[in-house]
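There are two complexes below, and they share chain A, which is joined by chain B in the first and by chain C in the second.
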Partner chain A sequence: MPAVQETVDRVRRIDVDQYRYGFETLIESDKAPKGLSEDTVRFISAKKNEPAWMLEWRLEAFRRWLTMTEPTWARVDYPKIDYQDLYYYAAPKPKKQVASLDEIDPEILKTYEKLGIPLREVAVLEGVVSPDGEAAPERSRIAVDAVFDSVSVATTFKAELKKAGVIFMPISEAIREHPELVKKYLGSVVPTSDNFFATLNSAVFSDGSFVYVPEGVRCPMELSTYFRINERNTGQFERTLIIADKGSYVSYLEGCTAPQRDENQLHAAVVELVALDDAEIKYSTVQNWYPGNSEGKGGIYNFVTKRGDCRGRNSKISWTQVETGSAITWKYPSCILRGDNSRGEFYSIAISNGFQQVDSGTKMLHLGKNTTSRIISKGIAAGRSQNTYRGLVTAHRKATGARNFTACDSLLIGDKCGAHTVPYIEAKNASATFEHEATTSKISEDVLFYCVQRGLSQEEAVGLVVNGFVKDVLQQLPMEFAVEAQKLISISLEGSVG
Partner chain B sequence: MMALLEVKDLQVRVEDREILHGLTLTVNQGEVHAIMGPNGSGKSTLSHVIAGKPGYEVTGGEILFKGEDLLAMAPDERAAKGVFLAFQYPVEIAGVATMNFLRTALNAQRKARGESEFSTPDFLRKVREVAKSLNIPQDMLKRGVNVGFSGGEKKRNEILQMALFEPSLCILDEMDSGLDIDALRIAADGVNALRSPERAMVVITHYQRLLNYIVPDFVHVMSRGRVVKSGDKELALALEASGYAQFEDAA
Partner chain C sequence: MSNLFAAARDRLPGKGKVADTRQQAFEAFERAGLPHRRIEEWKYTDLRALMREVKGLAPRPDTTALARAKAALARLAIRDAARLVLVDGIFVPEFSDLAGLEAGVSVQALREVLEDAGSQAAADLLTVSATDAMISLNAAMATDGVVVGIADGAALARPLHIVHVATAGSASSFTRSQFTVGKGARATLVESFVAADGARAYQANDALVITVGDGAELSQVRLVADADDAINITSQILSVGAKAKLNLVNMTSGGAVSRLQGFITLAGQGSELAVNGVNLLKGTQHGDTTLVVDHAVPNCTSREVFRAVVDDRAHSVFQGRIIVRPDAQKTDGKMMTRALLLSDEAEADNKPELEIFADDVSCGHGATSGALDDDLLFYLRARGLPEKAAQALLIQAFVGEAIEAIADDGLREAVMAAAENWLEARV
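On to the complex of A and B.
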């Protein structure tokens, strides 16, 4: 996907401090009053023109949230969040209803241009001339649902997807246009009562993506969402719901960037995936939210609940993540292997540098017969960061023939960082086969010197060695996304040595 | 004529222990120098200090390369300027395909020198040609750098890089160790093919045998951190016959 590769190239040219995505778009925005109450929830619901049932759903979540306490089991440490001191909704003020791309605020389009996102359908389709006057390279086809702060500002490729019967739209629109699907599936994988952050999200989510792939359809293109947090003190609460009906296939890419901020910003997303009989969902993430500055000030708090339900027989869900950003990452993309012969996969690269704290991993819950899962986790800790893999693999009493393979490798760069592995395994069925391998190593000075002797700079050498270390996971990403990820990995490790 | 490499009265410490105690060595363009000497005499240390490996403290003396202060340069800068060290123990880099490594390194050097990067077809042509002459099969280049390579393959991979980067100073640290007779001949032929009036070589070895293949212009004997005797190739033959004992006292 040259589009994402360009993203990095363009962003590299924008020299804003260390963080390459640290620019701010000056647009007026429409905010809910500060703080969280039933009124905030009503405000958001009204802003979205939501039907009454949706408001009820949110309010129920909100009331539940009031009774919950923030979890503390993760190996992350941060000052207490004042939930009343945040804005829960910010939308770019639309001058009018957005019907086509031409009507979008040029400031917003410019921001996306800096990020290199192919918002303009025509550019994506035709490979037209880029702003520098060079002919854009051949592009592969990606539909983009861009979320600017809380509102999806544009959805491309809608028409073509429609022809295939694929629904790909902001979830706020889906609530109005496909209430039957939303009602049936929303909260069916991550219930409103699931956990503190997911419940909060259920109450105040503002937007996100909705995907429905009908029976037997192979989605004709990769679907992609770029998230971006722009408004100061705004928590961003996306909600994504993807349903792959029987025998269908979809690959979804999520990329995130956020501008530089001094205040910490709360981000609590929920992603729900449902795969019915013989369906397959491949979900890839590149997360590079602002990690905070070199003293550990600022940065995104990223508390995400991602879960896939292999509801049907022979279904498959695969999570691939490249986590390089955020001050705090709390994230466990999981699979419920309910259908017989279903398969779950988790491929993860988690990089922490500076003062970043990552607590991430997965859960593979084997419920059906002959279900299989595979976990490959690569953690890289540099600077003064802490990087924890936390995993849970369970086999239900009835899950005969369940099989899991887990490999967790950690790489340490320098001696002020930490890598931790916390695997939980629970087999209630004697026929389950769970394999677990774990390694922790330090980046080798001899290997770095070898590279440097051959002409690579110290930083290029670290980038190369780390990219080699994570290769097994990079291979799981769609090819063009892998190129972006590879560059991000090098960027995020800048300043980690020497 | 300015010497290519001038090591003057070099004193080097590692972890508070002095290893080189005033070493002097001059290498001109086009020359091949052999350095011999017992285990622990400081041969690898010298090669590391020239290449800029961290961990060594230079407490005295200087190294000039093409008249410039080599010790003031970062190791990657030295590489781009033409210093190449074929390691005694080449490391393995998992997950990084040899081909990718070669291209990244070559282009990094070219970029540092202000030259344009090689195009993919040009690069591939060049690598194939060199690999063929060294009997390196193509599929070896697809594997991780030195990962699972035999001892001989690792050494050949070093010479492949030497041929590709076209350095002006090649330091070969025990390239003959662990090679069988045939592998040694192939490697030596590869090195000989790179001999040129512009390029100098410093060949570190324990065995006269290698010097039958790579015939040196000068032979130096190192002992306890100094060059204690220099001569021509006959010196190597004399060493083979009588051992290092006669020089130990000199040091």
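On to the complex of A and C.
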């Protein structure tokens, strides 16, 4: 069945030429010299006042990177990147030492206001009464770390988080203030030798967020990072490290936008999550980098390595992503299910338009006993875009009782685009039960039957089941994200193909 | 590697354009080398590790070899079919049922066609659209095969049965056959791979090019029962015409390493394709079925059903890709693959892929893997069946779903019996 009109209209509203965040902030910035060499790595490290061990770590990664070749297996096509023709570090020029938010360049504050990201806590503090006398809704309390090009410009709610024992700060600060934690966990999930882009990131990452939630603490608010690429010809390489100690819980959100430019820009981030015994990390992304114009010119190359390690027993990591931006996406948020009874989840909605190319999916590596994972992926391709789901589910010899359920649906709008599904399912254990399906009609026949029997049409029933399932996760996103995401989710399932 | 070709050259039929084509094909193979895990299509079947080297060409079968082959032929369960026999890669007319061929069937040995004329037409027999190192190697080294034509409108009463018998040890055979079904014709093709007593560690590389004409119907049954230490790499290139029907069933129960790679193009509107596969693997066997189904035109239907039963330390691989070209609207494609793991050391890898460029289609795939359902086993045991027998019953039902696709009663029973024998050997 072809897509229904409603779906077509909805996707049209987020087409590439409707990009709303393409403005540029005119601000003076401090940049590293163009090109990449050991000197660039030393420059970045010096800028960040890093200890010697950190510089050594970076240099080691850089030397290894020189021996690696760019991967070509993904279904994406782009001209060769000249790694010497990029700036690896750009920071808004500080007028003086910044002591409070008021001293941050007002241009930057304006930028975040335009993007709808509040950096001023006053407006959203607990107990603030809005003009009509109602208390501000609980969900708008989000601590934000704002990353502008290569540096973190502001982090909100630091004090309140500190009271709870939660560490939330730019990773550059964490390297100085909490070296023991950083040393222990940095590179432990995504080793510096992992892949071409992750190794490059290890050498030149400039900033990102660091989160540590101590044992037994439920993080009192949502944590969020908002990434903005502003500078021309600049690569953004951020690094995020989140550690949830025993029995803790944290929910983390990231958002990304960039100005409209004719040239392509590289974004190669690394995100590492560590969940110890009984801990849970919920990581949500609304990725809306500039996707290029309607002729396929410009846009961000989003080559990201995201991986979570369920290191402890009964730990849980869940990835939720709503992907609408970037010229090229190459990203596979993964879960290593190492601890017994650990659980990994991946919920993804990837919408591609114009000339966008998406090659995204997940990996669920079952190593521990009774580990479970669930993958729900919806890809929607329109325009002349190519949208690929690529996923790996594997059960190790010792992963007795492992279970996976995967459902990936794709929808095509128009006949110039392509939707592809490339799942790898590797069972090395007889007691592992894997189910993979790519047809909507197969989603729980019993539930569908129940709904249809009560008067819903087949499609309404399918919509109810899947939307109900996905919404369950999306409703936990804060308002700003949820509104946009839900608009995308409510897209009808009619006409979907596997 | 180049020794391989140089040493065999004198024995390879065909001069002129045929010889040139062989030379080019061998060069293509040499450039690529044996496929390995870094080649995406061969990710799970790393021939550099599993095969290591391509063995020299098997000698032309002598009288003793032919006598052993004859004994092996006598053991075949499928009897009511017109046999075309290849021994160690050489067509043997005296074992073949050439006199009993029905009207409308023509059979020629590939060797004869290649030797008769070094023409482009003959060279084309060695050329196919698919690019793959093992297909190139086959084109370079093919010693013989059968070129079968079914006339337009002919409806065959008896199946044709191509039997590959291996008698040699530590040697390889390369066969290539062509099977053309004319418009509106109906035929059944059976293929068997068997080993004569004493045939050890041989390597078989077969290529089969099948063209199903408009409105024609072909059902194909393929049984691989090679020696325990043999390697069998088979490539099939199939094209299905408008309103034609093609029904394939493959069952692999023999061989140390086997791979069936099928490249199927639905080239005419309204064609229907059904591909069914069963892997029955134990010990350290490695069985790979790789399919590429290309919906090149609108309004075609394809169904793939694959079942793997994997015991001991065996390894089953299924890779299936459905491609829907931009104008192949109203395509209906479904692929279902299921693996049953009977041992903790068994491995099943599934890679069902969809590559879709048209928007008004209905495509899907499903894949599962797991062990036998304990509840079902308990149910049967509670009714007095011993554990192994209960398992056998469940496995039989599991693989039966694929075998049932064989329309011919006699053939279906023969294949089911072969599956049952495998199960009984487990008990």
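Note that in this section the second predicted complex is superposed on the first by the 411 of 498 C-alpha atoms of A that agree within 3 Å, B and C clash if a C-alpha of one lies under 4 Å from a C-alpha of the other, contacts with A are read in each partner's own complex, and residues count from 1 in each chain.
As a convention for this text, contacts are C-beta pairs under 8 Å (C-beta built on N, C-alpha and C of every residue); 3 or more make two chains touch, one makes a residue touch a chain.
Quick caveat, the model's predicted, so the values are computed rather than measured.
Colleague: Tell me the contact category for A:447 with respect to chain B and chain C: first, second, both or neither.
Modeller: A:447 sits against chain B, while chain C stays out of touch.
Colleague: Tell me which partner A:435 touches in the superposition: chain B (first), chain C (second), both or neither.
Modeller: Once the two structures are laid over each other on A, A:435 reaches chain C alone.
Colleague: Based on the superposed arrangement, let me know which partner A:456 touches: chain B (first), chain C (second), both, or neither?
Modeller: In the superposed model, A:456 contacts chain B only, not chain C.
Colleague: Which one hits more chain A residues, chain B or chain C?
Modeller: The partner making contact with more of chain A's residues is C.
Colleague: In the superposed arrangement, which partner chain does A:223 touch: chain B (first), chain C (second), both, or neither?
Modeller: In the superposition, A:223 touches no partner, neither chain B nor chain C.
Colleague: Per the contact definition in the header, classify A:426: touching chain B only (first), chain C only (second), both, or neither.
Modeller: In the superposition, A:426 contacts chain C only.
Colleague: Applying the touch criterion given at the start, work out whether A:415 contacts chain B, chain C, both or neither, answering first, second, both or neither.
Modeller: The second partner, chain C, only.
Colleague: Quick one: in the complex, what on chain A touches chain C?
Modeller: Interface residues on the chain A side: 1-3, 73, 397, 400, 410, 412-439, 441-442, 495, 497-498.
Colleague: Any idea which chain B residues touch chain A in the complex?
Modeller: 51-55, 74-76, 79-80, 84-85, 87, 90-96, 101, 104-106, 108-109, 112, 144, 161, 165
Colleague: Of all residues in chain A, which touch chain B in the complex?
Modeller: Residues 444-447, 449-458, 460, 464-465, 467-472 of chain A touch chain B in their complex.
Colleague: Sort out for me which residues of chain C touch chain A in the complex.
Modeller: 40, 326-327, 329, 334, 339, 341-371
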